[in-house]
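After this come two complexes, each holding chain A, first together with chain B and then together with chain C.
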Partner chain A sequence: MRAFDYIAPDSTESVVAALAAHSPNARLLGGGTDLIVDLKHTSNTPKVLVDVSQVEDFHGIEMTDRGLRIGSMVTHTEIMKSEIIQKELPAMVDAAHTVGAVQTRNLGTLGGNLVTCVPSMDSGPTLLALDALVTIAGPKGSRQITLEEFFVGPRKTCLEPDEVLVDIIIPKENVGKPTHFLKFGLRKGQALALVNAAASFHVGDGNIFSAPRIALGAVAPVVMRATKAEDFLAGKEITEANMAEAGEIAVTEIKPITDFRASKEYRRELVAVFTRRCLAGAYALHQSRA
Partner chain B sequence: MQHGIGQPVTRTEDPRLLTGRGIYVDDITLPNQAYAVIVYSTIAHGIIKSIDTEAASAAPGVLLILTGEDAKADGLGGFGPAFMPEDVGIPVPGHRTSRPILAQGKVRHLGERVALVVAETAHQAMDAAELVEVDYETLPAVTTAVEAVKDGAPQVYDEAANNTSFALRMGNGEAVAAAFESAAHTTKVSIYNNRLTANSMEPRGSNATYDRASGETTLYVSTQNPHGVREELSGHIFHEPETKLRVIARDVGGGFGMKGGVYPEEALVVWATRKIQRPVKWTPSRTESLMSDDQGRDQTVEAELALDADGKILALRWAALNNVGAYIVGAANVPVMFSLRLAQTVYAIPEIDVGTKAVFTNVPPTTPYRGAGRPEAVYIMERLMDTAAHEMGIDPVELRRKNLIAADAMPFTTHTHYVYDSGEFDATMSQCVAAADWDGFEKRKAESEANGRWRGRGLAYYIDDTGIFNDRMELRFDPSGSVTIVAGTFSHGQGHETTYPQMVSDWLGVDADNIRFIQGDTAAVSFGRGSYASRSMIVGGSALRYAADEIIEKGKKFAAHVMEASPADIEFADGKFVVAGTDKQMSMTEVAQWAYHPAGLPPELGIGLEGVGGFAATSPSFPNGCHISEVEIDQETGKVYLDRFVAVDDMGIVMNTLLAHGQVQGGVGQGVGQALLEDLQYDPDSGQLLTGSFLDYCMPRADDLPSMEIEMNEVPCTSNPIGVKGAGEGGTVGATPAVIIAILDALRSEGVNDIPMPATPERIWQALADAKKAA
Partner chain C sequence: MTDVTLTVNGKERSASVPPETTLLEMLRSKLNLTGAKLGCDVGDCGACTVLVAGKSVNACLMLAVQANGRDVLTIEGLATAEAFHPLQKTFEELASLQCGFCGPGIILSAKTLLDENPDPTVQEIKDALAGNLCRCTGYTKILEGVVDAARIMNGKQDAA
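Right after this comes the complex of A and B.
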């Protein structure tokens, strides 16, 4: 890591102005748990680090007309401690809890996790399964897109160099939607996901899957939805057999790789198992609430 | 006495270490400090055609660049083995290597040191290091012993045919062959004891400074053996008297054997500081540690056991290959030899025939790693016992009981000439079986299965040979009456700063708060051999006892003089010198103060109160114990959950139960790491390190371990004056087989009979799939 300038603006506008002034030689700094680690390993240090962790607009977790708004600079620890998230979306608490260790969660932010956009990111699947939206601010103002559109490829989002992620919104109808997240790593804590997964659905009249969502990580270049499995489930009765079948279908949708960490065959097996277990977990949550 | 021997005294060093006030090498920054960065070999095997340092020399801040050619020009030596088989009486000499401090002509493993760059700042040194252009002619590489011994394999040394440095064999081949002929049952296992690295919390590091006024160089280093570092550097690298070099180790954040020897970087910073006459510091990153620290284990074995129809062992036979990496340095041959010498472990085996070859490959050298050869021996034996038990339909506890060396057979001489002085193997096993709620297993198993998990249980009985060489301990009172322990051993996490004072306080009746502890500075400690092989309590503790005895004897003379009695009439008890049969008495502190009286002391008493003790572990001590683990395995993913772990250890007399339990816990953690998580992986073709960061080298964490139940069966050791056996390694030795055997127990119903280490979820899933296919 080499010397760089550091600025810490306190509003969205000044962040955008700073980026306009310095991009492409500027990088945004959140908790730094991805960026600082990277900078230590490269000699192409940016000239300016724009610390966005002090911007008030990027903080807070609250219900709005549109849904649950989570500032991009909310840390994983804050997610775990949020009463509304604990109550409505415990899967997000579970996902946050699997990120690194205590120190990583105290510093690391939801926004940083999404922007880094590695296939194994642990906050991706749950948010994707909840049809999350993201707000992006830039020189032309602000825009809102789906998280699915936001993810472009491994370590690549649709953010332009002069844009910043403001917040993440979980649409109103999905706040409280039964959801479940699971991660499979080589050890209990501080582990890279070999596979992570989330599933959510509403329980429709007649005990059927309504608006089912399945999202999978670490098995394709970006976190992905298993839409064929979702289509299969939609309108079907909630049974163990259907959950298992959805798992088998999800396997056909992924593009896992073989490397020394795991073979693609094993990743496929894990996807079948974890899809089914996530669906079962979401249903268990629904039943426990009823 | 609350501070007495055996009490669970909390660690004196902890408040300092836990509040960030420890001083590790990287915390030491000297005036005018310069920084060193190493250029490592980026290939596993090749010829250095040229090294271009021109651009690097011109880079900002660069002060010095050194290569192997410079080392040659300066007449610097290399690191050799502490001993080879021929040095300990074995007739056929092995191929002896010398590890250069910077590669000369050839590189033999990824991470071999090729050049040193010193600059004003660490970043400048890093930038300049990237500009050093090394032109290699890449040679084919070989990374495993199995491949390396084959004809036509790439040769690490032309002089070592089939990459074999030496072969060793112990026992009686003919008798064993005959026993196998007549055996009612034979059992066979193939084992690969995986390659590991210590990953001490504090990486290695060094900082050297040359003092122009005195001509002395001081080296601050993270090591287990400061005097050993000085001896090696002075004797083998710089060819100069040891008085030219002072070595200081302050707090050292773990070693596990990995810091027991001496490394090229330690020579390099000394060499560099003398050249530029500024302090030179080297601090590696974790990735550099993973790449350049000496490594552990890596033994491939074919093992067989012959038994009679009742399950009595008739003979043990195994043949191994030890992958020693690219060089045999320092204590590298210890694990190779110790695995052979401990081959029969705790069993009465009529005949053995065990052998191994030390095989060169293009990976870093191996060194003793917590256990060093004993984990290999015990793993082989316990896997054989467990497999034989299942094959013969004999309860594994019962099979062991039939074959354990009986307590009344002590002292027991093994086929490899070890004398086990003491041990109650059967009783210790029974204690562990009871503590593990052996009979409640079936109920727990049923509960696990109801949750989609298999449950298995593994028992392992281990023995360890601990304590090596002699050492020296000093006790010095000062005129105020407080006492200093000057230790030749070197605590790098074990807690000697707590336990030695605890013992001295008990023996001499001095308040532990008035006992100071010094170690790790060659200028303050006249001589020492450091800590490894669980030697400190055996050798250092015994030497300390003798030093205390000397203090008492001298103290009696001073007390006799002051109290006007005959020394023969002075008795010492509870910290007091008493004139027998009277109420005249003096405390140890008073006597010590008197010993520094400025006048009036008889000349034959000398000045001051000091004691020096020495002790040599002519025979090792043999801690042993039984470990039982229970695992659950997810039937779909193959993931192992270590659910229960019970250890009953006999480490002789326990000086501090809290620290002894800590040693067991940490050791078990490391043993579990080997069984389930840790693995150094090299690409077999290129020799590149795949597990080059903590993202992929999977260390165990506290939450991967269950809350352990630890008990002791204290059987005093008879080969040292304080009855202790080594405490540092047993946990590691016992845990690995206990966990793997439990996994196999869980999977046996599914047709799985073998699992490689580490037993990752995917490997278990694969073994299940293979078993299904075979069925």
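Right after this comes the complex of A and C.
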């Protein structure tokens, strides 16, 4: 790696001040599992690395009046071990468990995963399916936006160079919402997703889909919602046929590419099957809790 | 330069390193602890696995300064003067390793597993070792070594 300076501020304010002083020549460092790999292979090295992994405001998983707050520097391992997430949102545990291997999950953070913003990111689909919000701090104070707005393009979020991701919030009404996540990789361990997917819905009176959400990864420039499939399901009876139909509709919404991992045709097949299975998985979770 | 002080295998060790130095580089070049290996250098192979504050990490992806002030365990610190760790013992007895390059990482990953989960299933062992690649053995003897070590650590070796 080429030379850089290293600072490790301990508060949101000092991170923002450091960025104001050094951006655009600064990069934020979380667990480093994306950034350090990049820095080994680029000549475009930042002058300063601002290590945000020790900032207390960026840690912790807790219920607040707005919902479940997860600090941006919470690791995938911490998500897997969180009792409240295990109980309320086991799909997040499943998603975290598919990220790399133990060593990667011990260092890699939720915030780093979202900011890197590759289409195959494994934490994206579940969080999109739960209407997650993100808190961003910068020189003008802090703002909150939806995760959907946060994702702009492949490896591009709406973060300005002088801004930092503080936390991720699952709105209160979605904490406990039946959700299911699935990932398909070329191997069982340590493989990036050919397709990953999540679905969530509340079970409405008369056994209908209420607030259905379908989110798909690695089949478009960013993790995306299949809104036509969601609209089709809303208010309909929860049946296997409707789940399968939603899968077929979702296929019409994606823009998969062919790459060395899979063809676009194969990704389409996976989306039809995974949408159906994620919906079925969410329903099974609902039934197991009842 | 940054001063980095670590507690490595129970002893305080310091070095002055450029900030871009990885923990792996510091261990190998400054502290002469060459048990952790440089393999892929991008976090895939696990040959550089060490434990920082009890958690396994790829030392090639962590900056030395990020480990400042923390406890680091490398393979050199696993055996005591009196005895091998049970994993080292069973790996030797079963010839679980061939060239041995992946061994320090594999054994440390297996150790954190057994510390947290003393009686793992084979599936749990595979999951715990997914970040440690071995190109010689096909993993069979490695899995057996972990199973046997768990048995010893649970005081059940005679029942086997």
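The rule is simple: the second predicted complex is superposed on the first by the 290 of 290 C-alpha atoms of A that agree within 3 Å, B and C clash if a C-alpha of one lies under 4 Å from a C-alpha of the other, contacts with A are read in each partner's own complex, and residues count from 1 in each chain.
Following the convention adopted for this analysis, contacts are C-beta pairs under 8 Å (C-beta built on N, C-alpha and C of every residue); 3 or more make two chains touch, one makes a residue touch a chain.
Since we're looking at a predicted model, the values are computed, not measured.
Considered on the superposed chain A, chain B and chain C are sterically incompatible, since they clash.
When the two structures are aligned on the shared chain, A:D5 is found in touch with chain C, with no touch to chain B. In the superposed model, A:L186 makes contact with chain B only, not with chain C. With both complexes placed on chain A, chain A has more residues touched by C than by the other of chain B and chain C.
Looking at the shared chain after the overlay, A:F150 reaches neither chain B nor chain C. Shared-chain residue A:F232: touches no atom of chain B or chain C. In the superposition on chain A, A:L270 makes contact with chain B only, while chain C stays out of contact range.
Touch criterion met: A:L49 reaches chain C, while chain B stays clear of it. By the touch criterion defined above, A:F58 lies against neither chain B nor chain C after alignment on the C-alpha atoms of chain A. In the superposition on chain A, A:R261 contacts chain B only, with no contact to chain C.
Comparing 2-10, 92-100, 110-118 or 146-154 from chain C against chain B in the aligned model shows that the clashing stretch is 92-100. In the three-chain superposition model, chain A touches both chain B and chain C at residues 1-2, 188-190. The touching residues of chain A, when paired with chain B in their complex, are 1-2, 43, 184, 186-192, 260-263, 266, 269-270, 273.
On the chain B side of its complex with chain A, the touching residues are 123, 126-127, 130, 636-637, 639, 677, 681, 690, 695-696, 698, 700-701, 703-704, 760-762, 765-766. The part of chain A that touches chain C in the complex is made up of residues 1-6, 8, 29, 31-33, 36-37, 39-40, 49, 51, 53, 77, 100-104, 106-107, 188-190. Against chain A, in their complex, chain C makes its touches with residues 2, 18-20, 22, 41-44, 46, 49, 55-58, 60-63, 65-66, 109, 112, 126-128, 130-132.
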